[in-house]
């Protein structure tokens, strides 16, 4: 069993890569995918800590996160489709009519 | 069975939501909208009634479902706020969405979001908090993008969704770190484990701050506020009223509960994280940004959006001044402010809805002379605006000054001073709208009479106005409810 | 029906006349044919008769001194209105009511016959003035005198500005009120100081403020921070400010010549006999207080003497008849101030009375002349009026000779007494009074000069203008007052013929005895003791005959010098040697030593420079600061608004940077790194 | 019960007029405004209050005490009453409002019902300010006055009305915020020695030295900080010189009836509050800094008078002269003697009447000639005799001509201030008395330039001469001014009785 | 309780390498389709990690829900969106480097901060589970808050109820958004 801190470091890396994706990419779908990554990082954290503490709260909660991530993707894609219809393209920096 | 009775307020709204869905699938009749509105109204009304009844009869402080949910004074107080906002919004939406599509989905999403917020109010563990937040947010993303072929609506929906998703990810990651440090997710369990087995303080600190970040999104405090102006401006007005009042209130009660029960200041400061300082920074930034950005706005709805950010800043003062000596008064004051702010802000946005219904233009100039055209509603709007600004046309005056008083009492006179400067500036832009309503000469092409009086929006605005005005002379019920709730929360 | 029940009637009669004229004038003008003159005359004759009836009572020694109406509560003695009847005020009552009555009669001729419009306003103003003057005379405390002192000033403003449609009278009225107001400012400080320091402002009675001041000086304890002597001097000088303002003494005299813009009866009543006398009467009224401080007395004497000379010199070059009389009034009041300053209390009162009579006569005579000359007052257009206006001429001669101080007339006795007392006390141990005496003596010469010049240019020689050839005829209401006053200015001297008494060896100073039968500490004798013990005034018993002869000689030589200059059949202004050789002095005198100009310059300086500077400062800095603040905050709000760029990625970027920043701060604070 | 009747009658008649139709709203509003007048007169007749309400031994008249709400350990209550100081001010308000309404009949001719409604609502709020003895109730009314006044200036005002209205609104709001924070610091400084916002409890607590520090401020510095905050808060309202820049704009741009109420009563709110808070609650601080405050008062008087001297617009002259009169009130207050404090309160009444009179007559002149600049007018007395007589009488009253209320008030203040025992009292009083000369200066110059000389108005319009109902209010006020001048004891007795305990509080010289 | 054997370490390093590379790829690759596929790889490797951490049920769920559900959903979305845009040639995955990457500095800063804190943190020895007890069974008990679970966990009954409402809400929302209105007025 590898020491838990490695897993935490790994999940932090995944989280940062997800955040990196969110900050750099202009495509709405990429935004969505990066957020998926971040949620997975959190899941990994939960599972790792669950073994650390020996209780199953973390694992059960990660199930919930899984479900809600899926729900979020569903709604997200719905919105992206509507975006596509209105702005003919899912480039996030195009949709800037509301500002200042 | 007794547990479910305690959850009656949330259950009423939930059953109304499901009823709306069921009704929509079964009947295809034409008069569908009135029935839908009726269900929504009855649902939210009985939720308010049950919450008040529960508080008066039992004033419970009990945790249910394996202390995942707690039903106490503050949860009932906030479910009253949320349900009354839902009531007003659903009454007003009747006229607003009459010409639009997907009416049933609109109402169901509205009620589901309200249910989510109600559950946030009585969450007693990070699990419930996260799930309830998701339940509250997902429908709101859809509600903001309700007008599918309107650019503004889609753009604001997109921004709201993306920032919302990002914040919920941050929230979850934060809670994972907290779980890592304390081994449990229930608030009481967390505080006990921090107290007696403090470990991994670094991770715990980052976890707490990231959770605060997630909550900051919900309560539109800086730097997680960027979505708010665009979302409120883009969405249809009843929705922006709903989000800016109800979801903000839900966000705050969750923040109160997490920061007071899970991470009580005396416990947490031992590990070197005095989150009160973080909240103070957030409060000052939010107030200043909210009020200063609103000063030169051309679009009325955007001005109201920024003003609601400003008010979030005022409520944050309550949270920030916790480390002083007047804790119950401070928290009570911010709760009172949230209650009255709920009514004022919803009323103001519904007035914008009314203006949109009469397709009055979006800028201050287009509102010129509305006072003479629709005097009754404009008087109501003037009451809201001046009450928001802190003048004694309504309860907003009392709540704002009680908040400043509590801040001074707790020793944070500089917070009250910054609040005072901001509220003085807020008087400037609220009066700009009052000026265009009453003072400026009316522009010619404002023909309202042809459109007729939208009964729903009128009724909603007048209810909100009556409550705001009466809350000045008859402020004691609000005050006692809030102080009792704060008392339970603190002790 | 006590003897003093009717006192209240003296001031209230003119007040009722004022109210009657005001309301009748506004609502039923037809009810008063003579536009209000009749009620005025009735009221004043009533007051005159009552005042006369008081004389025997006062002479037999019973006086009246208590408060009538409580104005505001006060700790020791409340602020109240009250009456004080004693020889001084009884005498003054008679003089004021008599002259006011005569002026009313004169106005019938001067105003009604020339069918002026707005006469209701005129007579109402005149009766209000009489009411205020009479109340001032009989007031029993300093506050009440201040109140009526100001009301009198207000009435003079109303009456000077009677012809408000022209340009000059309103300006003159404003100037008059402002200059006197400047004096009253000091007077008000004096009143407040008296009330605060002594706790009461009563003139007479055991706890009147002069008595308190005297006992304070004697006991030597410090009073409210300073020792009593300095307080008495300061308060004396402050009240003197008001006196100088009202009696048109040296620095604040500039308003009187301009006040001639008003109708001549007004000038006669207000700017000759009564209002201008109010100042010196006040000094006489609280003489017990002034006697305590030698410095104030010396200042009064010097100011008086200097004004006497200054005004007399200015009168020698004036073209207008009324201007000459105005400057002569200023100089005569200089004499009275000199007398009071030099300890000659009785002499001051004597000259005050006689001067009131003959100056009123001269002014009414001038009024008569102006009517005759179809309202042209310039002496250089007159001449040769002797044959055409015989009655006016003889009365005018009587008045002028009294003014110049020629033997049998009243002026001689009173002015001589003034010079006598000044010389007397000057030699008797306070040499500064000699300077005053020198001023007075030279002024006698100059007075003789301008008096003769006035008579000669007006009445003698040949008429120099068409109007002078056929003057307007004068009716009874003009001539009667002249005759009454003419006879009085002849006989008035009798009340105190000291030099004659010394020659005949019998005591003829009745006025002295009259002023001695006053209440305990208001007698002339008591004042004499005070000036002696407190201000070191010792009488050198200089013989009155020598000083009488001396002053008579100087006066006659003055008139002779004038006769020499103007005796050519038709004298012209430019022809007199006077105007050629002493050209620069002539110009200075014509411009009244540029007094008016520098006062005007100060007023306009404050108005244009100082006030506009304050205004600009206020707008630019104080107001500017507020506007600057609001524009700064709005520009700040504009820049904050710009943060919301609209692109979600920017939001995400700012959001994450914010989060990382907060994490970093707390990581440092919490020590987790 | 009488006070509530008066306030509610004014408020509800205001609301009724606000919603009623325009055509004879001016008559209705005048008759309705007589009800509160009647109420206050009844209050005056059987006024049985004695001593100062805030000091022990003071018996408050018509007192009602109803608990309102409780905030944690503090209980707020509707505690209203009247004492010797507030009674005259209430009378002044109830007298000025009907007259202001009457003077509005000619100039205001559009949106009339809204105008009259707002005037009555202001009257109700002003009553509230002068009767409330609970801080929060008082603060509600204090802020409530701003809203109707904002609308009056913004809708019916002159050319720069919007700028003036918003400036007035924000300036006074910031001031009351500063004052609020200062007072709250004081309240919490008192800790648990008080459990309500009742001014009487606060004053007894303060005077028995219960104040202990708050946060890093110890007791005395807390008192100084609170005093300064309250002084600035109320100083804006008074106005005291550096904080006065809102006054000229607000007064000049407001319609005549509004500026009558603004100058007549709104300025008195500031001085009344100064009297109640700074000079009763924090009396010892006021006494310690008496010379500095007196210098500020003297500066206000002289500087205000010089400003008025430089103006060429009739209304601005009257507006700026209010600054110097209010300077006198401050001088009277700081003297801390019976005559000083009593004179200050009396000056509030007399200035209310005098500035009301002057503003109304300027209004009449503006209605007739449509210009207010003194350069365009001359010889008005010829054509408008009655208005000129009233203006001149008012101007002389303002200058302090004896037998008018102006003189009585100023004399009492001067006596009080001259006898005060703070250092340089006599010198400062003497200097500030010079104000009466400058006031006389610019008022006489104005009278001479506007009323005398040949009649000639720029653009010679046909004069709309004022009718009876325009002149009647002016005559009534003039008679009151003269009555108060001749018999100041009508109010002064009552004021003195209320002010006496304040002086003996600090052992000041009680006889002056 | 278990010291780390070399073999475990090697397996961990191998799989974490795959996860990191694939997630980096997800973020950096230009074409969305390629990033979606790489996402699948990353998710699978994370599932393996779950197995290593003895959370087999979670791993199964991960594979089922994420790879099975979410990925398919995303690819459908890409297909729908791609159809409208001109179909670019399916080139090989190329990384799109460029100045915009600078904006990612926030993420890197977060990682550095987090890792520095992590190094400082001293972890207790993981308690782990007794190797006999069935984790999945106790997950089931925990899910419904029933007693009798062999491993302690908090009661998730309330969460369970709420999650199903949340999913209903998500369903309604997604349907409403995705459905093509019959010319609905905006």
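Some notes on this structure:
The chains carry the letters A, B, C, D and E, assigned in the order they are written, with residues numbered from 1 in each.
Following the convention adopted for this analysis, contacts are C-beta pairs under 8 Å (C-beta built on N, C-alpha and C of every residue); 3 or more make two chains touch, one makes a residue touch a chain.
Given the structure is predicted, the values throughout are model-derived calculations rather than measurements.
Listed here as common contacts of chain B and chain D: C.
Distance between Cα centroids is largest for the pairing of chain C with E. By number of C-beta pairs in contact, chains A-E lead all other pairings. Distances from each chain's CA mean to the overall CA mean are smallest for chain D.
Computed from the mean C-alpha positions, the centre of chain A lies at a distance of 26 Å from the centre of chain B. Centres computed as Cα averages put chain A at a distance of 7 Å from chain E. Measuring from the averaged C-alpha position of chain B to that of chain E gives a distance of 32 Å. Chain C has its Cα centroid 99 Å from the Cα centroid of chain A. The residues of chain E that reach two or more other chains are 103, 106-107, 110, 114, 117-118, 120-121, 123-124, 154, 156, 159, 163, 166, 169-170, 173-177, listed in rising order. Shared interface positions of chain D, i.e. residues touching 2 or more other chains, are given as 170.
Residues of chain A in contact with two or more other chains: 8, 15, 18-19, 22-23, 26, 31-32, 48, 52-53, 55, 57, 61, 64, 68, 71-72, 75, 78-80, 82, 92, 95-99. Every pair of chains meeting the touch criterion is listed here: A-B, A-C, A-E, B-C, B-D, B-E, C-D, C-E. The touching residues of chain B, when paired with chain D in their complex, are 326, 328-329, 332-333, 386, 390-393, 397-398, 401-402, 404-405, 408-409, 411, 413, 416-417, 420-421, 423-424, 427-428, 431, 435, 438-439, 472, 475-476, 479-480, 483.
Those residues of chain A that touch chain B in the shared complex are 8, 11, 15, 18, 22, 28, 31-32, 35, 38-39, 41-42, 45-46, 48-49, 52-53, 55, 57-58, 61, 64-65, 68, 71-72, 75-76, 78-80, 82-83, 85-87, 92, 95-99. Of all residues in chain B, only 158-159, 162-163, 166-167, 170, 201-202, 205-206, 209-210, 213, 222-224, 226-227, 229-230, 271-274, 277-278, 281, 288-289, 292-297, 425, 428 touch chain C in the complex they form. Per the touch definition, chain D reaches chain C in the complex via residues 167, 170-171, 242, 244-246, 303, 306-307, 309-311, 338, 379, 381-382, 396, 399, 401-403, 407-408, 411-412, 414-415, 418-419, 426, 429-430, 433-434, 436-437, 440-441, 444-445, 447-448, 451-454, 487-489, 492-493, 496, 510-512.
For chain E in complex with chain B, the residues that touch the partner chain are 114, 117-118, 120-121, 123-124, 145, 154-159, 162-163, 165-166, 168-170, 172-177, 179, 181-182, 184-186.
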